[in-house]
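Below you will find the structure I want to go over with you.
Order of writing sets the labels: A, B, C and D. Residues in every chain begin at 1.
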Amino acid sequence: MIRFENDYSEGAHERVLKRIVETNEEQTAGYGTDEHCEKARNDIRKACNASDADVHFLVGGTQTNTTVISSILRPHQGVVSATTGHIAGLETGAIESTGHKVLTVPSEDGKVRAAQVKEMYDAHMSQGTPEHRVQPGMVYISHPTEMGTTYTRSELEELKRVCQECDLPLFLDGARLGYGLVSEGTDLTLEDIARLCDVFYIGGTKIGALFGEAVVITNERLKKDFRYLIKQRGGLLAKGRLLGIQFETLFEDGLYLRISKHAVDMALMIREAFVEGGFSLRYDSKTNQQFPILPNEVLVELGKHYSFSIWEKIKDTHSVVRICTSYATKKEHVEAFIQDIKKCQLTAVH
Amino acid sequence: MIRFENDYSEGAHERVLKRIVETNEEQTAGYGTDEHCEKARNDIRKACNASDADVHFLVGGTQTNTTVISSILRPHQGVVSATTGHIAGLETGAIESTGHKVLTVPSEDGKVRAAQVKEMYDAHMSQGTPEHRVQPGMVYISHPTEMGTTYTRSELEELKRVCQECDLPLFLDGARLGYGLVSEGTDLTLEDIARLCDVFYIGGTKIGALFGEAVVITNERLKKDFRYLIKQRGGLLAKGRLLGIQFETLFEDGLYLRISKHAVDMALMIREAFVEGGFSLRYDSKTNQQFPILPNEVLVELGKHYSFSIWEKIKDTHSVVRICTSYATKKEHVEAFIQDIKKCQLTAVH
Amino acid sequence: MIRFENDYSEGAHERVLKRIVETNEEQTAGYGTDEHCEKARNDIRKACNASDADVHFLVGGTQTNTTVISSILRPHQGVVSATTGHIAGLETGAIESTGHKVLTVPSEDGKVRAAQVKEMYDAHMSQGTPEHRVQPGMVYISHPTEMGTTYTRSELEELKRVCQECDLPLFLDGARLGYGLVSEGTDLTLEDIARLCDVFYIGGTKIGALFGEAVVITNERLKKDFRYLIKQRGGLLAKGRLLGIQFETLFEDGLYLRISKHAVDMALMIREAFVEGGFSLRYDSKTNQQFPILPNEVLVELGKHYSFSIWEKIKDTHSVVRICTSYATKKEHVEAFIQDIKKCQLTAVH
Amino acid sequence: MIRFENDYSEGAHERVLKRIVETNEEQTAGYGTDEHCEKARNDIRKACNASDADVHFLVGGTQTNTTVISSILRPHQGVVSATTGHIAGLETGAIESTGHKVLTVPSEDGKVRAAQVKEMYDAHMSQGTPEHRVQPGMVYISHPTEMGTTYTRSELEELKRVCQECDLPLFLDGARLGYGLVSEGTDLTLEDIARLCDVFYIGGTKIGALFGEAVVITNERLKKDFRYLIKQRGGLLAKGRLLGIQFETLFEDGLYLRISKHAVDMALMIREAFVEGGFSLRYDSKTNQQFPILPNEVLVELGKHYSFSIWEKIKDTHSVVRICTSYATKKEHVEAFIQDIKKCQLTAVH
């Protein structure tokens, strides 16, 4: 069985693991105060062209979203998100567990539009008694989105403009950031993101690390006491150096983007195979996740050798499936998969 | 500089790391549903002689304490802890962040006595209007304690008896469990703990793993939906297999206790050196943490080559320091340290 | 200006106020342990035909919803509600502030259907990894709903059946309960509600009292320690006797239903006037709230002498308004209003 | 049985009740936006000599403490309080239920000293890793305290100075504020309190009102969005005018202080009787609460006709009792009580 069901099926990129092994006997201070973390923080600041940014390392995505969001909002505020946002549906109410409502705006492709934020904000503020409702307090987006779509630079600039107008900090979830940055579907760079977002994170778990997310805070107002928040939410790793070592490796010579590119190349090969095979795609993703719509018989056939997630049932006859590649995806697996897709197509035609 | 300041200064035990490397390219399901986790769960059940126990893996101690405690208590209940308990003072209010008060009982040596629990419970229940106060809802202890002391079997049995009488689940924090289990100061075994506690955890972070804590739930009533709680609190690691692989290695042939023993042996050598040198010990610890009381000049002298934590100032002339060994402590480092302790003694004498 | 904008524009029913004055110098125990509260609790148990029910008095609706819901749910659970439910939109995230998500099902008329609950529950449970999502933990409805609509006995029985099947406690918000009970649109009685709901409340604030809501808990499992929860959520009134005195008065000889009937009679007169005037109604309410759709010019005209809430704008030309009557609505005000509605109609026709 | 067990045994001052009756049929806007509230807010601003202060009305003390404190703190911060503070022990963990720890300093007489705050703050900030501990975020005091003691102007000035130095907002719980303001034991005025505290409240429940507390916010930084917080915590009374009417009455011609004075006069008569009778006092209270230490036989004897709270047992032979007077205490009851105290004394002597 070859797994395409998610982008965290393997361990870590070999260079990352090698560094962990090499440094294993080093003695360092705990909780991210060691030199590896310091170097990684500097490397990330450079890559972001944000020399004043605060950089923190956490272990996983849910933890990071919860820590960042609850550090920003006051009790009566909520976070604006697409209905499809990870925080809205896939984190067991972690945001609510810290006392805050997720205020959703509808989204077909996973993106939040500037106009939607403006509209929600204005609607709230223009009520006679706004204090009876949760106040929008910040905006959460992800890049790429859960659907693999990406923001363009101008879309993000527009979103930022509205957020500033409404005094709403903008937070970008970058659990798959590398896969978005290398996508041909967008002109948005890491520097742009650091310039336009108040806080965002660079995902390691899904891109080369064993685990780890690097939070970058560029808005001065959001920096204060963030380490307290990490500790309180259980994200301050005792052996914090592990996070430093991993991000140090991923950022020392462009490894992060290089391995992201590999994953996306593999995904686009698979995409092309589906398109050529006459299958429709549910979302127009140019990143590492692909969402073909498959008839049941193809699902069964491909399911014999490959695993993937069922995303959505369409009537009784079809399903949208999610197929993920990652930095670790082997080209021979992709080629085998493509061959099998082709066979399904032939079968379907005849 | 040789570090004795904590027990998480290095990476992982070499065998643990080797297994992570060996399995790196394996593809597994996520979030702890893989075969390594399954095997580790079974190994732990066997070691605990608790075939019906639920076993879950989380990343760190604060996260584990928070997840377990908030899964048990109702909103108006608090957790009973020693004033010196880790949850009472060193987790940035993580327990309170989930809505619950930590109800402290005084403790000189870090232990909670059965009689203290009974007294607090009776005092609460005998009030005219108990509903104006937080209700004791469970008991938290650690073994060894923050002071390196340990419970005996009869002490834990007595605590359990009172907890049952008062309908209070008993939770044991085992962040350093191995170091307690091999201590000559106690007759308490892992099986005893599994039999007497409703839930406890086996610490990996401080004993051989890169990170990881294994929660063991023996009380049927506390098992339900625990994975939801882990996810909500940000503890469900995407690459959960990493936890499985590590605990599988630590429990496959007694490695966990063996390396714990090494740490404690090293600590006792250091203890002896201090005692022989005429230094007093703040707590009577027979585990991997030692708390000698040092005059300032000794502190300065030893501080030139060794790092340790200042635990408590005593007047202007002395300090209690905490010295930790771990599975990774090198015997030659300990021997060098002992030589330097001896020199301090001589200096002190002359 | 005559106010129809809500059902809490006046003080209290004269008999309620009279009793408060008469008992003013009595000395009683605090926090609801006095004899007035005891008598009121018994009167309510009788009216509900639920001799084993626990009855508690709280001050207001948001407080009551929050206290009840947070007393029932575990941290990973949410409360199922119509999108239009009061807890979903009009309580500033009070439910989320206690850590729980409101899980909404769409509703046009304010009611939650049994099939919707079943579908949400089944969808949750049939997922491969349900622990990544909030678990439905109870169901919240109100009677009448925010739209003035009511449940029939068979609808509530069906809802109860599904709730039991899914092990979901059923909670009925009765902030306007009296107005629902006397409505000709439903055959549902107070006894039915006590039989079919696990917990519900009888609203006083909007029906004759200065303030106050009476929570009735019939499910044994939900009774434990409820007074602690009230105290923690700030709802345990020091001079609790005020709640007892008010409910004692409202329930001693059917006053509660009698004054509810008056309010609904007034509302139906207004409803008829609108219908006869050719105006459409947004919802088919047979309770004390009416929702006519008015063209702008009528809105302006009626707005000169009467206040009401703008519920929803329809294009640029019309608005849905909410008109409330209450136990205190004066018949002469209603008659004047009807005359003015008729004038608007004539104007509109010519 | 004559009740001295608390200061909320009766309804309201007759003038307060009269105004409620007189205004009963008035129609007003809801949620505190009516003219009575507006007038009461202005009266209070004048009495405080704080024309820019925000004034809000809530229903009860626990609710007020919770709303104020949770509106100020960030998640990792706690509130500093005396161990004897109401929030520390008598509100069922309401503060913790909003996610915050109560950081206690020892106090024999109920007061928090400036030096204690400074010491706690410095101790926190001087740690190597403060982020592992809850950060002091504000200071909570009450005037009078739970023990009936009061702050002097210079004590409060000193506390304020330290609070400013440490950037800690100072919050004064004035549930019994009137009884403190008229006490001969202090020179502190309402104007002083408004000048020195960032936020405080004026208690109505225990001084003439049926219920109600008036929060006064003088610190600009703490004003924003406070109505949202009140609503979320369940404190925004639908018939908010009831709070306005009551405070309007209490503040229109000095009624509040006048009736406070009566209560304190009554308490001092009782105090004198105990002192003359040779009984010791547990605390040196010059306010409406008195804490004599009574031998068991006196306790039994007085308990036949008077109720009071047992505050603390002293050995097996004595108890500290709390005796409260209030605005409603009848002089003939006090005189009868004094006679009976005298009898006890005689009995005791012979």
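Keep this in mind: contacts are C-beta pairs under 8 Å (C-beta built on N, C-alpha and C of every residue); 3 or more make two chains touch, one makes a residue touch a chain.
Predicted model only: the values in this text are computed from it and were never measured.
Participant: So using the touch definition from the top, which pair is joined by more C-beta contacts, B-D or A-B?
Facilitator: Of B-D and A-B, it is A-B that has more C-beta pairs in contact.
Participant: So which of A-C, C-D or B-C matches A-D, with over half of the contact pairs the same residue numbers?
Facilitator: Comparing each option in A-C, C-D or B-C with A-D, the repeat is B-C.
Participant: How many Å are there between the centre of chain B and the centre of chain C, using C-alpha atoms for each centre?
Facilitator: Comparing mean C-alpha positions, chain C is 50 Å from chain B.
Participant: Taking each chain's centre as the mean position of its Cα atoms, how many Å separate chain B from chain D?
Facilitator: 42
Participant: How far is the middle of chain A from the middle of chain B, if each middle is the mean of its Cα atoms, in Å?
Facilitator: That gives a centre separation of 34 Å.
Participant: Two-or-more-chain contact residues of chain D, please, as numbers and ranges.
Facilitator: Within chain D, residues 75-76, 91-93, 97-99, 131-132, 228, 231-232, 236 contact more than one other chain.
Participant: Using the touch rule from the top, collect the residues of chain B that touch chain D in their complex.
Facilitator: 75-76, 78, 89-93, 96-102, 131-134
Participant: Per the contact definition, I'd like the list of chain A residues that touch chain B in the complex.
Facilitator: Chain A reaches chain B through residues 1-3, 5-6, 8-12, 14, 17, 20-21, 23-30, 59-63, 66-67, 91-94, 97-98, 205-206, 210-211, 228, 231-239, 241-242, 328.
Participant: Would you mind writing out the residues of chain C in touch with chain B in their complex?
Facilitator: 31, 70-71, 74-76, 98-99, 129-132, 135, 225, 227-232, 236
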